[in-house]
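Below are two complexes that have subunit A in common, paired first with subunit B and then with subunit C.
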Partner chain A sequence: MKGTLSSVVIKQEWDIVGARQAGRQVSQDLGFGSVDQARIATAISELARNIYLYTEEGEITFEEVRDIPKVGLKIIAQDQGPGIKDLSAVMRDGYSTSGGLGAGLPGVKRLMDHFDLESDENGTKVTAIKWAR
Partner chain B sequence: MRVPILKLHNYLLVSIQIELDDQTAMKFQEDLLGKIHDTGASGVVIDLTSVEVVDSFIAKVFGDVVSMADLMGAKVVFTGVQPAVSMTLIELGIYLKEVPTALDLEQGIIKLRQELEEK
Partner chain C sequence: MNVKEVVLENSDQLIDRWISQLENDSLQDYTSTISGDMVEQMNKEFAEVVMQSLKEENNQLEALDQFAEKVVNLGWPFGYIAEGLQAFRTESTKFVLDQLETDKKDEFVEVMERVNNWIDPLKIRLMNQYSTNWNNILSMQKLALEELSAPLIPVMDEITVMPLVGTIDTDRAKLIMENLLNGVVKNRTDVVLIDITGVPVVDTMVAHHIIQAAEAVRLLGATCILVGIRPEIAQTIVNLGIDLSQFPTKSSLKKGFETALQMTEQQIVSKDSRSEDIEEILDSVGKE
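== the complex of A and B ==
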């Protein structure tokens, strides 16, 4: 059983804040504790910023996932941007092409319970799941 | 939106009470350095008690502001980092080792005094 809860289009810088506020609300509704809400909001912020920095536009979708008795939040960040050229490099701590800290994707992987990255010349899709405890 | 910066004797006090987007964070950085210059403040306390999310960008802005203020001759101390923020930052892989911190505003002022006396 699963369902889409909400989605946020990422086009402008302010959408990063909108996405993380939406994610915080959704995670609160699903019963996540405050630390997990912060982890989820931070992960969303990193994913949304990647879309904003490297593509024209993208979307972050929130889905409820169930693996009885567990409830989880699935975050899908998708764009039709140029894709990531070096997938292993972006998963390395400290790697950045934009002058950032290079904590984004490897950080999201550590903050979440499941992390999957697909990318080709037609775009990038990151899927991440956090299970409520 | 702007972050208010208050002057108290030789110090500047900041309490971040709004959701920081990238632009606001950058503007704050600029405002703070300008205010240090204008007032000749020797120390700054930035209180993060109300801040619930610090992502890698905001963390970079915070780390940079410490170095930038340091170049100008002012010390910055961050206070009130929430447990969830601390856990999230370390899991993200951001250690901010160069950033002086204290538990709360009171401890922050004490730390500033110590740092400034050591100079």
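== the complex of A and C ==
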């Protein structure tokens, strides 16, 4: 069973907070513990901030995934921005083009159970799944 | 032909028509969650306000402003005003044409034009008032948020606490840095405790700002201690791979404060030392 739970458009800085709250709500509904909720909220924060910093507009969608008997939350962050030039560099700790810590995407990968990054000149799509225990 | 007079003379009839139009029209989409009495009352007020402002032209526009404010305060959408006026325009044009009993194209166009000429200024006025009210509310909230943004509390000689509550965005991060550095200089602080108990999520950006603030504080010759790190936040920080080893961190403000006392070579001594003495005596008596 699969289903879209909610989606949030990211355009302004405050939309990051909206996305985080929506994510917290759905992760609570799916029965995640408080530590996993914090991990999910942090991952959403990173993905939403990337959209806000590097593109005009993007969207974060939450989906429920089931792999019986497991239940999971799938986060899809998609934008039509310029894309990421060097995919292996952004997954390296400490790499940043905006003067940040450069821990965002590799951090999300460690926070979540499954991580997938696709990017070309038409935009970027990050898919991440966290399984509830 | 005076279109306005026709409307004003028959205002009761027109209002009735208008209100029935409002009730069974598209406004239901907006007002479905609000009680029927409330909608009815507002519709009546809307009708009165519009009629009155037609009657007295320029002088009565305050009633209009008040009405717009009321709609904003009730949290009703702008569509209520826009569609309401649209319905009024349609009804009054129809009404006047019925009264004239004409089917001449020229007269029809003239009636339309005259009706538009009164209603458009009303519409613009209501629109402006509505958006101004919204902007006021927004800027007030922004100000209120800024006020509780980044207070700096000197608790003892050389020790200052900065409690952070809520989401940290770019603007707040700047404010935090400014307040922190000014406060450190002004209060001659040696140790600053930054308490993040009330920060819901510490992501790389928040961490980056905290690291920068701590580094800037260090340049001023003071030390930063990060306190109020909840277990789940500690885990996410480790997962993100953020290095916070440049400055001391503690789980609670209490522990951080104890460390700060040690660092500034201060001590808090209980004034009521006599009760301890008595306990000691009692203890020794008990032993014998």
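In the analysis below, the second predicted complex is superposed on the first by the 133 of 133 C-alpha atoms of A that agree within 3 Å, B and C clash if a C-alpha of one lies under 4 Å from a C-alpha of the other, contacts with A are read in each partner's own complex, and residues count from 1 in each chain.
Here, a residue touches a chain if its C-beta (ideal position, glycine included) is under 8 Å from a C-beta of that chain, and two chains touch if they have at least 3 such contacts.
On a predicted model such as this, the values are computed, not experimentally measured, just so you know.
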(Q) Quick check on the subunit A-based superposition: subunit B and subunit C, clash or fit? (A) clash
Q: Give one of first, second, both or neither to describe whether A:P82 is in contact with subunit B, with subunit C, with both, or with none.
A: neither
Q: Would you sort A:W14 into first (subunit B), second (subunit C), both or neither based on which partner it touches?
A: both
Q.
Per the contact definition in the header, classify A:G123: touching subunit B only (first), subunit C only (second), both, or neither.
A. neither
Q. Given the superposition on chain A, at which of 77-85, 167-175 or 275-283 does subunit C overlap subunit B?
A. 167-175
Q. Which residues of subunit A are in contact with subunit B in one complex and with subunit C in the other?
A. 13-14, 16-17, 20, 34-35, 37-39, 41-42, 45-46, 49, 93, 100-101, 103-104, 106-107, 110-111
Q: Can you check the complex and tell me which residues of subunit B touch subunit A?
A: 19, 21-23, 52-57, 59-60, 82-85, 87-88, 91-94
Q: Over in the complex, which subunit C residues touch subunit A? Could you list them?
A: 167, 169-170, 200-205, 207-208, 211, 231-233, 235-236, 239-242
Q: Could you pull out which subunit A residues touch subunit C in their complex?
A: 13-14, 16-17, 20, 34-35, 37-39, 41-42, 45-46, 49, 93, 100-104, 106-107, 110-111
(Q) Which stretch or stretches of subunit A touch subunit B in the complex? (A) 13-14, 16-17, 20-21, 24, 34-35, 37-39, 41-42, 45-46, 49, 93, 100-101, 103-104, 106-107, 110-111
